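Chains here go by letter, A, B, C and D, matching the order in which they are written, and residues are numbered from 1 within each.
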């Protein structure tokens, strides 16, 4: 569409709307990825804490060890179990040493056999499956699943997820508000142009579409710049996170759907700018005969 | 001079028809009251009156920037108050207006400013180029096609504004103080544009304070005084364009 | 100072700069309080997890119990210790039941006496104090301080703190950028005014101060609006957090210094606006003879 | 008429002194070249020349909107190129300028626009009120003190611009097409303002195309043609202010 309007190079406000959208997309990107990373980070941590459990198989040493092996085999076939292994009796005894002190005494104790289990994805469902598999083989076995921890961390992560959601919502509301605001302000610069176009016989639709497409271009452009500024920031953050301690923080990274959402931000900004520009020009025109 | 496309068909209705028109801004007292007047196609009038008398206000009714507060205004037979917005846009395309403050678009070159009415009306770029170039040459702005209004002198801006007003061969021409700030040789040329369009059948109104100008052309005057309009005969009978 | 400039009511950009600052202060507020809350939340949680430790006092039952009481008394006098108590022997034995099964056997074991300790503020310093107090009374005692957990959570909290710090930094950078941007854009509206003031003989300093004080007023005003919009949002968030589970999330609330920081945002915006306005006007004036 | 505060002390140096001044915009060819001229206090000149000749450009050098590209321009004995910015601001306070495009501030009332130079110069609000009211009355804008430029007619805006130019009793008055769009009775009054200031010792330059105006007053003309300035004698010898 041919433009009878100032080219962006000549328009401060054109730059400005692009700049504002860039900043807001950048901020939204940070909000989204902070939420995403914290969520992902808690998931990972959650898994590393609660992804292990211990099965105690009580009974006379020999029989218990045998039963423990059956339990291990049953668990290895259970969905959601990553690794299962019988803890060597000597190692289990070593665990008791601080409590009992006397090595000879410990050797004589009827200690339960221990099976160490690592879960691929700790969840209530997996725990139920493990419970069923163990009970089928050794009804007397006790599963020490750190459930308290699991619940606590799961609830925390979920609550954090809600809040992250709210924060993203707020960031988007701010984005919307600002784009509407910036578009309207940028159009005041063009009041004279709108008036002259109107006076030389341009129809309302023609005038409105000139300005709304311009606003769309500016918002899209700003959104892309914001994303381009955001990507290296995310990389820097994740580099920084890795530097701190590879064990503590998993690399900060965004799940794919989040990237999709971020890529949608410039488009959303463009749509908002389009609607705001149309409405603003329509209002300016309504004030003219 | 063959600057303008001749009209094959005369407009059917009178370009301007005022019936008991009154006008005021907001709640202030009437600027104009009870104006009744018909201006046929092919007429030429000066519009005179003291500063602040209401000349620009009257023209603003005719170029559809304001609507009459009372009474009926018809342009080309259409009641402007009742016309749809798109209809009014179409009427505006038959008008050529020289604004007292020019109203050029600062971000467009002189060429693009003059081309604006043609482009808005969807004239082909080829024709735009031909018409605009010829007209800018005629008003003495050769070599300033690409200049933006901010680098033009006052008189140059005014000539761009006049070129923009007449480029579409309008059927109704409204000019507010057009040859105010140009020297006499150029003023003569600019007046010739209006006279030529007038001869082609356009209805022309030129608001001016310039008594010299009024006395040079044999056209009747519309005079505004205390809100009312009177038609005075031409001051001079010297033929225009000599 | 008398103003020769448009009053804000007449200036779209005046509204705009205030609006933009409001949005950005709001966002910064959210960022700061998210960081503050997550930090505080982790601290609380951290404390509830790691604020306990167990002292094992080995030896013959009677003697050990006696020594354990001395250890308890010493700990109660130690700074940073909230509570300390000897675990009744029967309870300690119950802890071993799943391991040993046979109640009679357990009763005969030379179990260590246990002292359960709760810390007021778990920190390396407190742990060192506890260590010293215990060792002074019972050199053979073993302190089981869940140090692995403590380290892990402390490191996590610290890393999160760094990231929160970076995020706040980014939000403030965005605020700065936008205020500079908005101020400069708003001043393009005034180019003609600046020029006329210049032409009627106003000095550069006079012109610059007119505009910079105006920008300051607008930024301050916007900042206050942003804060006023932010406060109820924080309340709503904290109400929401309490609703989820009073146990999991401590009430989302900001420590006092954070509030101080938030209150400083409008002031910071005003200062930035002041500098940006001065620089912009100075540049506009430099282009004039 | 006692609109202006009389100067007790005459300025020591000539208000305007050009020594081989040339001027061009950017890299374009010279608009003005090799101008040498001294205008003493109490002089009155018309500035004429075709549209685009460089009248506004020459005035822009004198009101310190542009600096000469070559040569030396002194105002009141001070080389403007060498003066500090604050010094130039002070010189500007001795100038009264009527811009061709008025340059009124749209957000200020007519009164505040006229008051601007006084307020910038720190005149007490009481005096501001007295001077501005009297002057606005004189130019025929009684009752429009609070009107903003957008609601003023073209001629009313021009009168505000002229009032703003003369309100500070300037020692050098530069007027670009001042009585262009007002009727003759008002044009006469506006010219009287300039003539009165001229009689009080101000140096006045009035750029105009209006040959009628030039012929009505017995003042010499500075004429710009092809970039050079020539001083022509007065067209008329009728005494001004009759």
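Convention: contacts are C-beta pairs under 8 Å (C-beta built on N, C-alpha and C of every residue); 3 or more make two chains touch, one makes a residue touch a chain.
Everything numeric in this text was worked out from a predicted model, so none of it was measured.
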Ordered by label, the neighbours common to chain B and chain D are none
Expressed in whole Å, how far the mean CA point of chain C lies from that of chain D is 64
Averaging C-alpha coordinates per chain, one finds the centres of chain B and chain C separated by a number of Å equal to 69
Here the gap between chain A and chain C, centre to centre from mean Cα coordinates and rounded to Å, is 21
Touching at least 2 other chains, the residues of chain D are none
Contact graph of the chains (line, ring, star, complete, other): ring
Chain pairs that touch, by label, are A-B, A-C, B-D, C-D
Within their complex, chain A touches chain C through residues 12-13, 15-16, 19-20, 23, 26-27, 30-31, 34, 38, 45, 56, 58, 96, 98-102, 105, 109-112, 142, 152, 155-156, 158-160, 162-163, 166-167, 170-171, 174, 177-178, 181-182, 184-185, 188-189, 233, 237, 240-241, 244-245, 248-249, 252
Residue positions on chain B within touch of chain A in the complex are 63-67, 85-86, 88-93, 95, 97, 103-105, 107-108, 112, 116-117, 119-121, 164
Chain A contacts chain B in the complex at 2, 4-7, 10-11, 192-193, 195-204, 206, 288-289
As the complex stands, chain D meets chain B at residues 25, 50-52, 55-56, 100-101, 140, 151, 153-156, 159, 176-177, 180-186, 209, 211-212
